[in-house]
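Next up, some structures in structure tokens.
Note that chain A is present in both complexes that follow, paired respectively with chain B and with chain C.
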Partner chain A sequence: MPEGLVVEHLHVSHRAPEAAPGSGTGSAGGRGGHPILSGVDLAVAPGEFVALVGASGSGKTMTAMSVLGLLPPQVHLDGGTIRLGGTDLARARETELNRVRGGRIGMLYQQPKRMFNPRRTVGSHLREPLKLHGGLRGARAGARALELLAEVGFEDPRWCARAHPHQLSGGMAQRAMVALALAGRPELLLADEPTSALDTVLERQILELIDRERRDRGVGILYITHNLATVSAYADRVMVMDTGHIVESGPAGAVLNAPQSACTKALLDAAALNPARTAPSATEARPVVVLDSITKRFPSNGREARPAVDQVSLDLREGEILGVLGQSGSGKSTLARLIVGLETPDSGRITGTLGADADGTGAAGSHVQLVFQDPHDSFDPRMRLRTSLEAPLLRRRDTTSEQRRMRIHEVVQEVGLDPGLLDGFPGQCSGGQLQRLTIARALLLEPTVLICDEATSALDAVTQRTVLDLLLRLHRNRRLSLVMISHDLSVIRYMSHRVAVLFQGRLVELAETEDLFTGPRHEHSKQLVAAALPRVCAILDAHRLPQEQVDALP
Partner chain B sequence: MMLFLARRAATLGVTVLLASFLVFLIPYVTPGDPVRKIIRSRVAGEVIDDSVLQGLTAQLGLQDPLVVQYLRWLGRLAGGDMGLSYASRTPVVEQVVPALVVTLSLVVLTLGTAAAVSVVLGIVAALQEGRPADRVITTVTQAFIAMPEYWLAPLLVLVFALNLSLLPSAGWEGPASAVLPVTVLALRPISYFTSAVREGMLDALGAEHVVAARARGLSHFHTVRKHVIPNGLLPLTTLVAVWFAGLLGGSVIVEVVFAIPGMGRLLYDAVLNSDIPLAQGGVVVVVGLAVVLTTAADLIHGLLNPRIRGHHA
Partner chain C sequence: MRDRPVFVRAATGILVLVVVAVAASPWIAPSSPAEQDLAARLLPPGSAHWLGTDHLGRDTLSRLLDGGRFSLVIASLATLLTGVIGTGIGVLSARRRGWLDEVLTRTNDVLLALPEMVVALFLVAVLGPGFLSLVLALTVTGWTPFARLARALAYDVSARGFVESARVLGCSTTFIVFRHILPHLAGPLLGQAALRFGQFLITVGALSYLGLGVQPPQSDWGSMLAAAQPYAARAPVGILAPGLVVFTVALCVTFLGQRLARMSSTRMVLNPASSGAVADA
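Up next, the complex of A and B:
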């Protein structure tokens, strides 16, 4: 009887280069090693969907890389066994491992586009495992590649096989990656956050694709995620990981309904973004930013492109949180850039009633500030954080450096950070800390409007929750108006008073939050709401979509 | 892609025209009577008689506006007529073409050698990053930058030609005569190419898709061969093309020291002898080729990058 993947007492540590001479494993003992995994036990039976859940940095990815025998150079396997159907992977030779990688174990990643060689076509990637693990070459490999691409839902597999990675959207790239992972007919799929960067509709499609392999071919799935909503809908068993330990494991229902460890409770708490904790916005509040029939198009190869933003009229009221919801490519970010004045509209008018808008080109000026998705990209990596934060204040000549220092410390404390952090560089901070600092930098200019463009999408669930709560507190204390741009329905629902739904650059629905989620009117809003995974606390199983509904997904 | 090509072609045309106009102006901005200088480049015999001079001035249209003269000069240039050399009294084109062939073969040999050596050294250095092999390669090739040709060339002649009598010290006949000049000329490109290959390889090695290739079951060797080396060598292609353009005019010192009858030598002689038509012909050819090659470098870069190519395919 096949036993699937069994990992026992896995110890992995990080060692500085000088602490790791050519000696084998074990001899170093506790010397100098910084533990990453400490005694991890886990098992994935054939046909089982196991979720490995934990905050970022808890060791989830390292667990997957240990199984593949692909730990980074300074990370060492100190002990434990890894068996796959009787083969001891921890002690297997490289040639044996090469047969297992891609042949018996398929791997999926969070950023599929970066996992393709940018200079090769999708088809040429597919040929590799087909040749290595299936012995297929030439025309037969080509035909099988097309079959695989069709299986994962490409309507035009020929186009995809010839396409280079940059021509694929995020969702397409992940589908192609699934095809690539399945090419060697694996018995186990390691999925490392494959849907965290995708919007809800795409997330659902990819999950169904993976789950179909489990049902039809009995593939075991180890699904790494920080998203408990995914887990609640698909996983048979859940393992919760914290700082290199498995702190809790069991059937999905038991773990999620009756969590034992503090870590699990924190994850659940963060995932349960309960909506409607604020009263609906006062309709009589005066608008702070008004968009009047804004259109923006970007030239693309001389061809007449669809406008990125198409005749959008919208107002943001004082003290309101406005959610902007839409799939990738719906024009959300362009809208944000237009409001801040980083782009000028081709037609239409943006007025900010509180700021100067003499030229009518935008509500720009310091009263509207923007927070971007990736905090690591928002800071100059070679500049001290203090310098980065001080930069916007230098525009105001009337302050002394001591005043600026005080001001920065005040704001950094307001976002819940220790000012001591400011003497470091961005690389020394976590994503959550950096995102707080971008918010602090925006606050330094005393804005009345803060636009958050997917500001928490790159963060894990627990950190996301704390940043969202920070934003809510700032909203209350400073009477900030917030624009929350996201593809994540639970974030939008948690935060917003009103929601604007964008689809292909047009505003298709603008409604009070609860009205949208209980009774979406526009076809596209209905699709978005329907594709959302059930929220954790609602229910735990029987939430796999019926097949006909899966097929109906766009 | 067509638009991109058209734009590049237009830029190229304008650059060549501007450069050729400057070359055309040489007789007008150098000391002496431009009319006499031009007549001397067009008529084989000595002109002393004033009436003959006036006749020729009218006949050659030297009173016409400058632009008209320029267009006429350009027309002759297009037909391969670069006038007569002052020194040899033979058509310039007959000297330029053989010199160009010599220089082209010198440059091709140099860059071929440099690229071959650098690819090997750069790949080894990158794969051994931080280890002794990398340190030796990096230090030695960096030292090449600090060896100027005017110092290295005589030194090598002294050692290998005069003291050891292993190789000829001058001339351009047979493979043996190419060894020293190619070595001298190749050292600096080797230094730049090696560091470009090393950097390119390190970038390519660090790419996330390399780990993904390993996770598909490719061995380390195959991953490096299929996914790292092709990507890592990309920056080298542009660099080689840029150096090609640079060496065409930059081989003067080596050609003079080793008495190689190439373009550098030709220009050197032309300037020493104030041989204006010869200098004009030489400069026009070198500049024209340099501009074309630089454009070619851009195009190669575009063709090898699927992001640029794919968009228009």
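Up next, the complex of A and C:
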């Protein structure tokens, strides 16, 4: 057998607390409960980059957690073996697992900032694995920490070592997390969606970083993601997971070229957001929202604050889809909040040409609605969905509860959901369903403008596609003007008629979509477009591999 | 361990027993709490007097039942008042922000810096002992922990997506506060209320012990302790009985309150994305 990680016949199930036997001896006979993983086999050889791809809820993260022996309390390992270079992790004791975690296996998480203790500096986080797994202390550990930070691309490692997590941007935090994962000199890196929350430029940097470790030090990499496009350029092998099974596995080229299972095909389709529509350039349409050199500054302690939004002038035309593109921290969300009136601009004017904008709160009251990024957070977890949807309608005294009920059912069906869902709580719905419900909730107020602030970024590729298509349908049927805010170029390209590029709070480019993607003018736009993994897009667009990758196939 | 049903049932049982007994004391007490019998002073527990008698020959059990009414009612009333006032102030601070928040928070800081007992002593001394002045004395400083907790939690909840969505959707402030924010504060605030109830029970006892609480012939658990103290060596039951009752009731309420707090936060754990956000205070 080769070295590296070998997982065989892994069975994991969820058991409700009352179903768990009090005298559970861990015998394989009691295979009760709801199965999460059913017979997962996978192997990662040293120096190999394996991508584990699947929609959310397919069991990807649970696979990683089983390897680390960190399954949640009600989830049990029912059977199978997990070996890492001869050690059986499924049966290892806690002390042994502690030597493996952070030592032989490094871990990257989706939300690096939440994985750092906010009260401790990055340096002190790094010294811990160096002490535990490398036996380094004091000045030597400090020096090694600086080396690691320099290695992951920090220009000023000393600053970073002294920084607290909140001082780092998302991309910096993820790089610091890579340094942390590498500190124990791992044989294997488990990366659980480490770039899903990052924009394309940063995503590329992190992938390059991980890939360099693989080449230089022969680290095996298990990269978990829901986005096939991201990893296809790096992965040696791709495994596709669906409802706890590995449904397809093979060399990256073969899987991409000739997908066998329906699940893989769906993922591929979703990844290839072809800009198939002809964009009707609505130059003649009248503007519905006009921003006139808007500036917004947030007070910040001591430091000279750069405005979050700086002199932005923009107009949204009736029936148009306007894409707003920018990296994290470029002021996209602030712009959205300004338009709906959650923030007031320091200077400049926002005017809506429709409806009651006289009160000065935002553009147009309920005429402009906002869909947030995190659908789970957009609903009160303690409130029945029906109540959540009905709440904004209560202000209109002219409707009876029966009318409201009918109206809600109509709209919920319009977004493609079963009204039966409404009697449940948000925790019982998937992210995709909840995001449809947020859209339905906004539609109940009959808006003319819908702003989607990274509305699909938290969703997996397949769900994202369906939500985007829903938005397009609503746009057509209701003549809804949409503002699509995203860091994801493919989403912007798929949806928008025109694209506005934001960089450090300033509007640096405003162009027709195709013009931007074929000939970006501003330096920053060029950078963004270049980072969009063009090679991968080409593969997916054509569903075909370039020659050099076909040659490389075994 | 803390959630074992045995403990929960025991704590509930003890509390119900104490409350019922105290409420029914005029009917079930073996004798009048004020009836003196100087011939039967400082008796040990026996068949005539289950918990013995005090230095004036009054039946300890009857006095315990009668005095409990006073202690429990004051502690409950003070908890309720401080809870409502504190939560109101805290939520107001968090929603309005700006100068109002600043003023309320600084007031809170100042009050927290003063020892609660000293302020209560001062107020009772000025207003004269009595039921209302005791409630007032406890309320004036007692709202501060509720306000701090409510403010911090309301700040957190206000920043959550669903509150922002509600604002964008044009929900009224009343709806946001009563339907979105307060339900999320309920768990931690209940826990806090239980802790405070126990503390109030003890503070009332302490004030009475110092002679500033109830005035004779009315008694409560604290004044019973005070009265029994000089005779502790001769009749230890006189001091043990009220002390143990205060201790047991405070313990049971605290325990049940924390359990309630945990129960009310389980509903949100259904949602994996937000579990632990406002779980425990």
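As a convention for this text, the second predicted complex is superposed on the first by the 515 of 554 C-alpha atoms of A that agree within 3 Å, B and C clash if a C-alpha of one lies under 4 Å from a C-alpha of the other, contacts with A are read in each partner's own complex, and residues count from 1 in each chain.
As a working rule, a contact is a pair of C-beta atoms (placed from the backbone, for glycine too) under 8 Å apart; a residue touches a chain by one contact, two chains touch by 3 or more.
Bear in mind that the values here come from a model prediction, so they are computed numbers and not experimental data.
Undergrad: Will chain C clash with chain B on chain A after the two structures are superposed, or do they fit?
TA: In the superposition, chain B runs into chain C.
Undergrad: Can A:N117 be said to touch chain B (first), chain C (second), both, or neither?
TA: first
Undergrad: Let me test your reading of the model: by the given contact rule, A:R101 touches which partner, first (chain B), second (chain C), both or neither?
TA: first
Undergrad: For A:L342, using the defined touch cut-off, is the partner it touches chain B, chain C, both, or neither? Pick first, second, both or neither.
TA: second
Undergrad: Taking the superposition on A as described, I'd like to know which of chain B and chain C A:H164 touches: first, second, both or neither.
TA: The first partner, chain B, only.
Undergrad: A:S293 contacts which: chain B (first), chain C (second), both, neither?
TA: neither
Undergrad: For A:F372, decide between first (touching chain B), second (touching chain C), both and neither.
TA: Touch status of A:F372: second partner only.
Undergrad: If you stack the two complexes on chain A, which partner ends up touching A:S388: first (chain B), second (chain C), both, or neither?
TA: second
Undergrad: Where does A:S313 make contact in the superposed view: on chain B (first), on chain C (second), on both, or on neither?
TA: After superposing on A, A:S313 lies clear of both chain B and chain C.
Undergrad: So the two structures are superposed on chain A. Out of 97-105, 115-123 or 151-159, which stretch of chain B collides with chain C?
TA: 151-159
Undergrad: Quick check: in the complex, which residue numbers of chain B touch chain A?
TA: By the definition above, chain B touches chain A via 3, 207-209, 211-220, 226-227, 230-231, 234, 304-307, 310-312.
Undergrad: Show me the residue ranges of chain A that touch chain C in the complex, using the header's touch definition.
TA: Going through chain A, the ones touching chain C are 340-342, 365-366, 369-370, 372, 374, 376-383, 387-388, 391-392, 394-395, 425-428, 438, 441-442, 445.
Undergrad: In the complex of these two chains, what residues of chain A are touching chain B?
TA: Residues 68, 70, 94-95, 98-103, 105, 107, 109, 111, 114-120, 125, 128-129, 132-133, 163-164, 166-167, 180, 183-184, 301-302.
Undergrad: Considering the complex alone, what residue numbers of chain C touch chain A?
TA: Residues in contact with chain A: 160-162, 164-172, 175, 179-180, 183-184, 267-274.
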